[in-house]
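By written order: A, B, C and D. Residues from 1 in each chain.
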Amino acid sequence: MTDKRVNKVVLAYSGGLDTSIILKWLQTTYGCEVVTFTADLGQGEELEPARKKAELLGIKPQNIFIEDLREEFVRDYVFPMFRANAVYEGVYLLGTSIARPLIAKRQIEIAEMTGADAVCHGATGKGNDQVRFELGYYALKPDVTVIAPWREWDLRSREQLIAFAEQHQIPIAKDKRGEAPFSVDANLLHTSSEGKVLEDPAQEVPDYVFSRTLSPEEAPDTPTVITIGFERGDAVSIDGEALSPAGLLTKLNDLGRDNGIGRLDLVENRFVGMKSRGMYETPGGTILGVAHRAIESITLDRGAAHLKDELAPRYAELIYNGFWFSPEREMLQALVDKSQETVTGTVRLKLYKGGVHVIGRESPYSLYDQDLVTFEEGAVAYDHRDAAGFIKLNALRLRTLAQRKKKLGM
Amino acid sequence: MTDKRVNKVVLAYSGGLDTSIILKWLQTTYGCEVVTFTADLGQGEELEPARKKAELLGIKPQNIFIEDLREEFVRDYVFPMFRANAVYEGVYLLGTSIARPLIAKRQIEIAEMTGADAVCHGATGKGNDQVRFELGYYALKPDVTVIAPWREWDLRSREQLIAFAEQHQIPIAKDKRGEAPFSVDANLLHTSSEGKVLEDPAQEVPDYVFSRTLSPEEAPDTPTVITIGFERGDAVSIDGEALSPAGLLTKLNDLGRDNGIGRLDLVENRFVGMKSRGMYETPGGTILGVAHRAIESITLDRGAAHLKDELAPRYAELIYNGFWFSPEREMLQALVDKSQETVTGTVRLKLYKGGVHVIGRESPYSLYDQDLVTFEEGAVAYDHRDAAGFIKLNALRLRTLAQRKKKLGM
Amino acid sequence: MTDKRVNKVVLAYSGGLDTSIILKWLQTTYGCEVVTFTADLGQGEELEPARKKAELLGIKPQNIFIEDLREEFVRDYVFPMFRANAVYEGVYLLGTSIARPLIAKRQIEIAEMTGADAVCHGATGKGNDQVRFELGYYALKPDVTVIAPWREWDLRSREQLIAFAEQHQIPIAKDKRGEAPFSVDANLLHTSSEGKVLEDPAQEVPDYVFSRTLSPEEAPDTPTVITIGFERGDAVSIDGEALSPAGLLTKLNDLGRDNGIGRLDLVENRFVGMKSRGMYETPGGTILGVAHRAIESITLDRGAAHLKDELAPRYAELIYNGFWFSPEREMLQALVDKSQETVTGTVRLKLYKGGVHVIGRESPYSLYDQDLVTFEEGAVAYDHRDAAGFIKLNALRLRTLAQRKKKLGM
Amino acid sequence: MTDKRVNKVVLAYSGGLDTSIILKWLQTTYGCEVVTFTADLGQGEELEPARKKAELLGIKPQNIFIEDLREEFVRDYVFPMFRANAVYEGVYLLGTSIARPLIAKRQIEIAEMTGADAVCHGATGKGNDQVRFELGYYALKPDVTVIAPWREWDLRSREQLIAFAEQHQIPIAKDKRGEAPFSVDANLLHTSSEGKVLEDPAQEVPDYVFSRTLSPEEAPDTPTVITIGFERGDAVSIDGEALSPAGLLTKLNDLGRDNGIGRLDLVENRFVGMKSRGMYETPGGTILGVAHRAIESITLDRGAAHLKDELAPRYAELIYNGFWFSPEREMLQALVDKSQETVTGTVRLKLYKGGVHVIGRESPYSLYDQDLVTFEEGAVAYDHRDAAGFIKLNALRLRTLAQRKKKLGM
């Protein structure tokens, strides 16, 4: 454990067994006042039971914080990330990574409000989430004390945890006594499952793992066609209906779930140095990502689009590694946001059994000008003869290289 | 037209009406000897009719070159590109782009063999292909004369082309008299369709455009599961059966076609400066791309994988723009190939109605070590307490920034 | 020549012989009204003679524009570029490149004011400047007609130019009759010399070429020490004296000249495809560049600094190639400027015989905290033991790779 | 201290007081056999005294390894790095960083030879060197035990160290009793000085700090002109005399020292998260870096050169951070080395009072072709009219953007 004295700690509290054990462990180990913070990021669980449980464990009412952060989550974290087309290792839409900075930020804000000197999270010592939480904490409150129970305590097995819970009168649901067959994280953007039965990357993920999407096979036999409206890079409507950020993502999640969209079986590289196999379900986000690229395809200039493409892996890595609150992420965001000023219009998509297919896009800012691409003559801006000079000068250095080869018999 | 004297020209000749017109136009305009080069890159057309047609148009037998380049195409162009996970503008697998350098290279080799001083292609003056052909020509034979009829002649309409053909006794198939509703390019990797009826990016592509894939809706209701074997970054077998590069891609194309895989409706940015809408079908390549990333996911180290990811857009842009035979493409290839030494193993995939889903991967070179990721204690290489120091030092600069903010009231 | 009808053209007019010939050529060839635009960008020539000469050549007074753009040049072009630490090919400070966009912008603005439909510049057909001018023109007025006499006319030699001048009563200074031994471009940031006698890169540049700096050997034997003040990335004072952008650069130029600073003998790669050898003198800019990096070294976070470093070559290439008015340059500028908010403070420099040596830097925003770096214990934010964990987790993937090697006998 | 049992440890042993204390501390703390490894990397100290001292401290003769690694150091570490033009944070030539991997590699090799299970270095717990050593160790021998005394022991002050030494009969030179005013590291490439009296970045470095170079002011009043010969990217001769890698760098060091070249006063960002101020002297390396860029300037194609420039900061960061033995460094090296095949020729330099000025370069592989750059007509590969088309197509997307602005009144 950390050797610092702690007076008051803000705990990221889900209301579940594990964070309840942490709550009690904080009280008994640090003898400190505990403030619980429970956030609705769209994980699909009711929050009020968390209040009851916290009270039961002796938390004062004024120390219980329960907040619905869904709109802030989508508006200020998910959407900026999608503007960048951020994808980690070619495929992962960063659903877990992007939720951590917001939780960290609110914990620190609550610490400031309540005069707490410490914060605590329930992430394990082998994963990325500990890094994401703690980089967030430190970036926002450099002198905060961070408590990471899973790295500190000597509860080494499920049995010991259960024993600790029993000893401290923490209620234990029946199905929580044994080991979970895998661990789950969820928010409005995605659900991830990993560990235990999922660890062998050679083995197909068993069907009961999925909680958020129908399988493509179960999805309807007829496609669903939708139109997503964008303004300045952000989705703002579905089929003409204006929606709030969280409302829109919720709707896309429903559409994605029904059409078997967004499952991903991945072996990824963790920031802490090992590989891990994850199973992700990102139904709405998968649709959103395809749609955003499509609206960009007609509204972004090539120079802007290619620069974004080259920097997107870097941006994604920063978020994956937990550097949301870093100058370099903010610099990249400034670059990305600068490009989105005209990313406005609509994209039509066909959703079908796991697939998201673009079938049309329109924009008042479209840079696609039919006159320029028709194969007939007539367009003023493009003269076929220009192409000859363009090619000649682009070829010049290659010709020079070839002449050198010839001259030197290389 | 170019103002150079031309004695002998090697024409990239498909045997179709357009290149037959070009052939005749070369003879009449330049008064030069024409060598025809017809390559099988897997476009799915018989080549022998091209020989007949060339003979009919007065080409001497020794000047008719017909070659099956499918193995070379896949082995030396497609596979190296897939090692790089090259994707243009986030989605396009570069099916047309990658075929041009090989055609250019063979044209130049035939020019050297036959003593020709010029080469000629049938690409239009508004597209990328003219650039790709000509950069290839110049890079390999810097003093070659390049003839690009579509930029040179004054045949301004379909009617004029047909009139020219009739005037020179070029046989015209009935269905070639009118305008084609769109233009098509095909090879073993893909089929592209663009122009005319496809030009409005707001309009869905009509179904008759697709020639290479079933639609997802028409594909079978049961998934197909396959296993692809890789060696040093290249696919070498399907379901345990060793296959040549072209054999393998052909097989993947069949699998892809049957399962509705690889259709892409795209608005892309051409090198020559305008946007264009293309409809691509890349059935086997789509499967291959997913599989290659999956085998890399367990055999490539994070540092290698992320460096590749950051450079892939650049590599893709080089190929799209026609710079295959450039020092920078070769440098990037050296970097990529260095990483592929251990990219060996098998990937299991489920193909279903347009989707390619990874369900397992195995490798003797796997870097995925289950002992390291299990959530229990015991693994020697990873100590939970290390994470604390790791995070602390990664956070140090962020804390310093935060302290500055605090100190200065920023 | 361009086949478009031209009514009125805005000519970038220096008042020298060459642009006077162009002026007359425009009148005689296009029969159009000519508007002259002469800008003071600090090239060190008086502008009023240009007015006289224009009048002499028949330009109406209201069509003669003479402007002092020095402040705008430094403030809106030079300084933003230095914020990015832009250096082309490792050494060139882009002195010529950065002046072109401003000239192009003013020409277009004058064209809009005067109702001109064309613009004209005097850059040759082999250099980069034609590209920079014309990309600027087109980016700001897409329908403008561009006249580039050196690419259009048939005046093929110095003799023909002189003959044309004589024929049209253009006054010819005696020393302009013969060929110049090399060509020169100058503005407040630099003077470049290239061509003719300078073309052989194996030959040392003869001393008479330099006009802007003493040679290091001639410079004083005692160093000059100065202090430059920065605010938000821009230099604002020298030795405590606040100066306007142009005033500051002028002062730095004097200091640089006197101390033999800023000469550069370079072989560079032109955008148009060939190599060229240039001789540059950038006295003040060389000092400014060193100073800017020094103030950044204590005020910029590592993440910000390294991201800038990785993007600086790209930014420099864009400016060199003429893409100042492009979305991607503006996006990069947004990224750079975001980082400069705290780049405020002072840098002390020793100037001595060609060298610029940083000897001190201070800032209220300094991130350099002596407590953190002393080799003794005590600093709270840094615990030696953290380093062990930091290293262990950074090493984890390398150890996994090594274990694989060992296991497989690789 | 590490909780592992250690039987035999290979210590990086300089023979100085600090590593002698470490030696004894290892014996007394771990009760293990100690193997000393003392390498000549050109630090300018005799090695035989280290043997005597090791024997005196009880090391068996067969456990004393003293090696001259200068040639290997320059050939296999310094030169590959200079091929990449690696510069950290715009200015630092990585003189300390590049020596660490070689020492780590030899320690591990000696560990394998002697059956040692541990290695030990004398780097402090706050610097980069601990990271560089240990990443090297782990990358080459994943199961090695690493001992870092400065992070482990409880000797907290100079007094305690001296007391420990006295207690264990370690001879103490008089000038080592007190604190050194700053710490020094040296090898054939450079000497660094940092810490203590140098820590305030606002204060000029006092003159007695420099050990490796004359000051520019003291350097001769007449320039020295030299010619460096390169083959495939590596320097091979000076003034026509072929030299071994270490011989050549030694000679350049002499030339640099005499001419006051290579001093650098820098605030840099350490990998461990803090800023530090260092004083570097890199006399020969500074000359070599300038010369290498100059020979590249005529032998490298633009595409190759710019790709290298964009990747150089990344490559430098990897070396600075200690990732020499990583896949990504090796991949970048493959890319760099691929480009160096034709980097052969000679560069003429003028060395003068701290400055390194290129005055000429020649190569049989030169891509600089005078015919192409002269301002007169005649060169076949370059037609002025091509420039018009080149510019037009490069401008096309900018014009489209401008048209959009106009149309929408943006």
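In the analysis below, a contact is a pair of C-beta atoms (placed from the backbone, for glycine too) under 8 Å apart; a residue touches a chain by one contact, two chains touch by 3 or more.
Everything numeric in this text was worked out from a predicted model, so none of it was measured.
Q: Comparing each of A-B, A-D or B-D with B-C, which pair has over half of its contact pairs in common by residue number?
A: A-D
Q: Name the chain pair with more contacting C-beta pairs, choosing from A-C and C-D.
A: C-D
Q: So what's the Cα centroid distance for subunit C and subunit D, whole Å?
A: Chain centres of subunit C and subunit D, defined by C-alpha means, are spaced 32 Å apart.
Q: From the mean C-alpha coordinate of subunit A to that of subunit C, what's the distance rounded to whole Å?
A: Computed from C-alpha means, the inter-chain centre distance equals 42 Å.
Q: Out of subunit D, which residues touch more than one other chain, so two or more?
A: Residues 142, 269, 272-274, 301-303, 306, 314, 323, 326-327, 367, 369, 372, 381-382, 385, 387-388, 390, 393-397, 399-401, 403 of subunit D each touch two or more of the other chains.
Q: Where on subunit B does subunit A make contact in their complex?
A: Touch list, subunit B to subunit A: 85, 89-91, 124-126, 130-131, 134-135, 138-143, 148, 150-151, 156-157, 183, 195-196, 199-205, 216-217, 221, 223, 263, 265-269, 272-277, 293-294, 297-298, 301-302, 305-306, 309-310, 312-314, 317, 322-323, 325-327, 348, 352-355, 357-362, 366-370, 372-377, 382, 384-385, 387-388, 390-391, 394-395, 398-403, 406.
Q: Flag every residue of subunit B that touches subunit D in the complex, lowest number first.
A: So the residues of subunit B touching subunit D come out as 142, 269, 272-274, 300-301, 303-304, 306-308, 314, 323, 326-328, 330-332, 334-339, 381, 393-397, 400.
Q: Once bound in the complex, which stretches of subunit A touch subunit D?
A: 301-303, 342, 364-365, 367, 369, 372, 381-383, 385-390, 392-394, 396-397, 399-401, 403-404, 408, 410
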